[in-house]
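Presented sequentially are two complexes of subunit A, the first with subunit B as partner and the second with subunit C.
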Partner chain A sequence: MNGYLIYIVRRLGQFVLVVFIGINLAYVITHATPIDPVEQSISAATSFGNTAPDAIEQMRTSLRELYGLGGSPVEQYLVFWRRILRADFGPSMSAFPTPVSTLIGRALPWTAGLLMISTIITWVLGNLLGGLAGYYQKSRGLKLMGVIAMGLHPIPYYILALLLLIVFGFLWPVLPIAGGSAMNLPQTWTWDFISSVLMHAILPALSLILIGIGSWFLGMRSLVSNVVTEDYVVYAELGGVDRHRILTSYVMRNALVPQVTGLAISLGGIFNGAVITEKVFGYPGIGSLLVDAVYAGDYGLVLGVTTISIVGVSIGVLAIDLLYPLLDPRVKVR
Partner chain B sequence: MNRIRALVPAVCALALQLFLPISSGHAQGIPQNIPRKELLILENPEGTIKNAGWFNIWAINAGAQSNGLQQAALDTLWYIDPESGINGVWENALAADKPQYNADFTEMTVKLSKGIFWSDGVEFTAEDVLATVMLQIKNPGMRYSAVMASNVASVEAPDPYTVVFKLKKPNSRFHANFTVRWGAVWILPKHVFEKVPDPAKFDFNKPISLGAYVLHSFDPDGKWYIWQLRDDWQRTTLGRFGKPGPKYLAYVDPGPPDKRVIAQLNHELDVIHDIAPEGMFALAKQSKSTRAWFKGFPYGHPDPTLPAVIFNDQNELFKNRDVRWALALLIDIKAVSMASYRGAATISAIGVPPTGTHPATYHQPMEEWLKNFEIDTGKRKIKPYDPTIGKQIADMLRPSMGEQIPSDPKEIARAFGMGWWKTDPQAAAELLEKAGFTKRGGAWSTPDGKPFTVRVMVEGDLRPVMTRAGTMIVQQWKQAGIDAKIDVAQGTLPTRRAAGDFDSFIGWSVETWGGHQDLSYFLDSWHSQFVAEPGKSQPQRNWQRWSNPELDKIIEQTRSVGFDDPKSIELGKEYVKLAVKEMPTIPLMAYNVFTAMDQTYWTGYPTAEDPYTDPVPNWGNSRYMFVKLKPAH
Partner chain C sequence: MLRILRDLLRYNPEFRIGIVLVGFVLILSVLASFSPYPPDQVYVVPPDVPPSPTYWFGTTSRGQDVFWQLTFAIRNTLLFGGTVALISRVLALVIGLVSGYKGGWIDRVLMSINDTFIVMPLLPILVLFYFVMRDSMSWLILALIMACLGWAYDARLIRSVAMSLKTREFTQSSVFSGMSTREILVQEHLPYVMPIVFSTTMNNMVWSIGLEVTLSVLGFTDINTPTIGGMIYWANQHTAMVAGIWWWIAFPTAIVVMTFIGLFLLAVSMNEYIDPRSRLSRMGGAS
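So, the complex of A and B:
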């Protein structure tokens, strides 16, 4: 048990280091961008108007002060870390003075809801069907499933998404193709709103599931195909153990271990958002927020989203590393 | 198995609950609980508003502008229509009359309209105008602070319906700040903002309106805004034109172009702001109810904006006008029109957009001068203008587009433009040689022996039509032996444009009122006093950093004459002639906006036959559309 505690402490140390390095890299990269938030802001504010050039010079000076871009790089870096430690990402420059945390807080539940549910459904279906296909190799239905999975997997995501849009939004218009819920519906916990959210999530979720299921299916089928040739499975079959029990307790359980790692990383990655899904389906979320922030040169917002993403992925990997020795008896902590 | 059987009815019931709304006709992207026949759905091209609950337009970029806020809820002193206007081009809105300047343009007096009320019942008075100006001056970080602070010495209200601005320096166009051309300085409610400790941090949610509509509801995630007609719409400046047709307006983010097309085909988006030409063609083919500015090809509304090849004239290579002219003569505008707008472009050889009243004021009267205009290539004199290019484009399109292409020369000129510069590689070569360039092995070298490299900056998929124009021009220059390269800047364009980090780019430094002849809207900013040193940030709009003493004189003379003075037209023509001679930018075409309007629920949209305003729905001027729209059934 002491060994496990030491492992936890060492792993926590690595986690802190990874997060620290990741956030610093994000800071350096965002500040090295050629996009100047002041110029972007001035361009947005004046591109349609009749603003005199001398007034624009004054505006430039005011915005630099307002956005806090006046200090030295070292001062800005220290201010950034002081804020991070207080979980405060400061104001967004492209939506000044609204705090970055408010913008992220508004977008994150949509992303987390859609991606978490579709990731879990994809993982469960992909692994279940892949496992069955690997074990029952002569089943025609599962063979067909393999063909479908292999057929869907290489299709570029945006093609499939557009196809779904055209089919269910135009040719047979039964599903909503934009937004997270119907217009003019208050966001309250009523059945009207919940059913509207579910309806609006069907197409984006379906697109993610159809594209994602192939890799889990193929991976699990390969893993199971290897596991079934292991000695302990052969002995179990020779020993007359029930096939259902062999599949669930001997084969799937062992084959699932690497898939669980993949799931943890995928779940951590949901904080990156799904930019194309959000754009194609007009779904609210953190991906579009990030892209817009990049174009606007909004360092604060980009750093806010990337920091959450870095922490999310790191926690996912940390959790699985900590659980591994408990899940898989073959892994021992020395 | 039994458990599965038991689950089936439950799943069916859930599915029924989910799909039930479909059968009642409310499943798609239209607002719930609002009668469709009372609702006009328009695209807001700002997309998803990340700070949806922010309505304080006087703070810089904090929230949306064209989500209906400036079109339906706000108001200001005057409007100039980019087209003919609902009651003439000039509209006195909150002002009762045109601005009155003193002799040296250091004082502007405004008489205000009476009987106009805010949506909360407070009367609009001169105090609101004063508050708008003073709040900006006292709080330097706001949208119009710099404009007001640099112009206004003092502002007074001798009575509730009169405002007197005393200016820091003569400015014969000060009223332009309060005149809507897309947007303007909007008037704020004094009785609300005077109670706010820090106006830059005030969200103005829920906004009170001076316009005919009030906020009904909005999406906290920024996808849609719904505005409702005020019960007292007669007490707004729009009320004098009658009751607006739609009781509700929804400004929505319909997503990428394909979805906009689908939404309009499903009659869930009445007005598409803009789509790619291909999208417009698809709608024209598939939807009988869709109408664009032109009834047929080229469909799009030519905005008073002039896309051009904009050189960095501070770059040694482009300081010589012969080089700029040579590059212009290597362009085949017909190919550029086809590549960019698939032929649906309105070309312009001169530095004024071919839209609104400009063709009658500038293009047509200058046609003879253009035909006789000569340039000296160093070996001979040529007349580069070809007045038939617009007709050639129409002829080129006729076999594929049939009757949609007009045959009347006036119609052709209006739709496709008049003339442009002949493609003349021989003359271009002579001009380059005159400038000291040499051609060896089919490739041009600069006078100092280096390859003649020209990067053409474009915005990539952020502005695909302009990117296609730039790519075609690069191809044409390459064919002539110039090492031309496309330079995709994507979102960095505003930063690089201001920094002068480009050889040339496809964009615009010319924007006009459209409906008014005065060119100072953009031209004043072209004075050499505003040209930044190389390496420093250039303020809009002289992105080409061109300075010329003759131009300075024209601008200074324009400043000394009134806005409506006929002399400003003559000065405008002087500018056009100078810009043709010097070619500081190569004008290409109007910025055609493919606004598609669905007539299933509403009729009476502005069109080329009834050009009472600009149909492009993010313009503040588009509010006049509301009073002309009538239910289709």
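So, the complex of A and C:
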């Protein structure tokens, strides 16, 4: 039990460190660059149409306050942290006067839901098929899947999402290609709304799954094909243990351990992909919010989304890390 | 070196396909030097012409020849990926070798920072960076930032090799013969990790080019320097897909997919070469 405790403390420490370094990065980027962010935001926000001079002046003062540019560098740094800890990023400038935290709170469930479901499907499916491909190396169908996985895996998210959009939007329009649900439905827990949400999630989820599945498939296949040559597997086969049982509880379970660590490591990358996928499919999540905020020159919103994504991804990693000992009992002994 | 290449060509179909794809893309990028049009000028050819013998890949709504524009774009994109890979290789090598060889608290501190960068979602940070820099964001600055963020995974890989090298006898004899730490790392350990460095270079290029395409498509980079993502950005700005000017999006997409698959296959075959077990099974299977 002691080993488990040390493990948890270490993981918590890592979590704190990730959040700390990430937020410091955000601070350095917004404060230490030679460009004055206030003037940049104002020129971006006023580039369309003409704004009254006193409105600009008002904007400038509120922005200076929001960026925390008053006082000494130490004070600025402390103000920055205080804002982040309170999750107070001020009012959004593009959707004035809605607070940034409300906007993020509205978008977060969409992203979290899409990410969680597609990541779980990707991981389970990829590992299952990869494990089978590593065990039954002669199978034609699984070999073909390997080739497909190899071809799909390196394609960037944007390109694949674009291809799906072209196929299902223009060539064979059967699925909704934009939005999170049908516009005319109230957002309540009715069957119509839920089914609409699911229909709208198919394409974004599909693009995430198609890109992600390749690396799990290839990784698991090579892991399993290494485990299969181990002495204990050969012994089990000679001893007449059921092949199905060898595959599931002797081979797959051992090979899964590094794949769980891999999931924790790749969570940040998966999140990057979700940002772009959401933008392509107009999904009302964090990613769309971030991109639109940049276009609108909304500093509070950009900083808020960046911070929330760093914290959110770190929580995801921590959750996987804490589940890890269930799969790998060696952690408890150490 | 040549023998390795010959063996790879003979026994490794992935390497063959990868070389062909990457070779094709490289030739295309070299052609940029022979372009009859400068890359940054618009309306030099009639706009919206479909692919024809005069304009191989058609022309854009901005009056640019897609083929020649593409040569510039792929050259800049490859240059970008190469720069990021080069700088981040240096970082990964230094941190990985030092961390693996030194061990102790240096190792622990470096690896904590390392793990932080592995799990951090980089896209929002890069977007924040663009948000602050705006027009002062050049591709070189972007390359520098991405190199500073993209070394972590490979540093861990190099560290694990360095740790096993440390326990080997030749390291002990180097220490006893009075070599300094720097000399041991550069002269003794570096040659052993070079194959990994090569294969991770490809993967790192795939990663950085992918992020660059993503950022440019959104317009979050210097959009006046032609890159693959920048071309798709301009095509989107002119709603090329709706207007039926498919060649403006299709050709850049095809080329970038070729680049990715080519680089990835090279990395995979390189990895297989490094791992002698899979190499043996393949050669055994071939004979």
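Simple rule for what comes next: the second predicted complex is superposed on the first by the 234 of 334 C-alpha atoms of A that agree within 3 Å, B and C clash if a C-alpha of one lies under 4 Å from a C-alpha of the other, contacts with A are read in each partner's own complex, and residues count from 1 in each chain.
Keep in mind that, in the parts below, contacts are C-beta pairs under 8 Å (C-beta built on N, C-alpha and C of every residue); 3 or more make two chains touch, one makes a residue touch a chain.
Just so it is clear, the model here is predicted, and its values are computed rather than measured.
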{"item": "Which of subunit B and subunit C A:170 touches, first, second, both or neither", "value": "both"}
{"item": "Partner chain in contact with A:235 - subunit B first, subunit C second, else both or neither", "value": "neither"}
{"item": "Dominant toucher of subunit A (residue count), subunit B or subunit C", "value": "B"}
{"item": "First, second, both or neither for A:279, with subunit B first and subunit C second", "value": "both"}
{"item": "Touching partner for A:265 - first (subunit B), second (subunit C), both, neither", "value": "second"}
{"item": "First (subunit B), second (subunit C), both or neither touched by A:299", "value": "second"}
{"item": "Which of subunit B and subunit C A:98 touches, first, second, both or neither", "value": "first"}
{"item": "Partner chain in contact with A:60 - subunit B first, subunit C second, else both or neither", "value": "first"}
{"item": "Contacts of A:313 with subunit B and subunit C, given as first, second, both or neither", "value": "second"}
{"item": "Touched partner set for A:162, first subunit B, second subunit C, both or neither", "value": "both"}
{"item": "Interface residues of subunit A shared between complexes with subunit B and subunit C", "value": "34-35, 40, 44, 162, 166, 170, 279, 294"}
{"item": "In the complex with subunit B, residue positions of subunit A that touch it", "value": "34-36, 39-60, 62-63, 65-66, 92, 94-98, 103, 106-107, 110, 162, 165-166, 169-170, 173-180, 182-187, 191-192, 195-196, 198-199, 279-282, 284, 288-289, 292, 294-297"}
{"item": "Subunit C partner contacts - residues on subunit A that touch it in the complex", "value": "13-14, 17-18, 21-22, 25-26, 29-30, 33-35, 37, 40, 44, 150-151, 153-159, 162-163, 166, 170, 222, 226, 264-265, 267-269, 271-272, 275-276, 279, 290-291, 294, 299, 302-303, 305-306, 309-310, 313-314, 317"}
{"item": "Footprint of subunit A on subunit C - complex, ascending", "value": "14, 112-113, 115-125, 127-134, 136, 153, 206, 209-211, 213-214, 217-218, 220, 229, 232, 241, 249, 253, 256-257, 260-261, 263-265, 268, 277-278"}
{"item": "Residue ranges of subunit B in contact with subunit A within the complex", "value": "17-19, 21-22, 26-34, 48, 50-51, 54, 59-63, 140-141, 143, 145-147, 149-151, 176-177, 181-184, 200-201, 216-217, 219-224, 226, 250, 252-256, 258-259, 262-263, 265-266, 490-492, 494-499, 521, 524-525, 530, 537, 539-540, 542"}
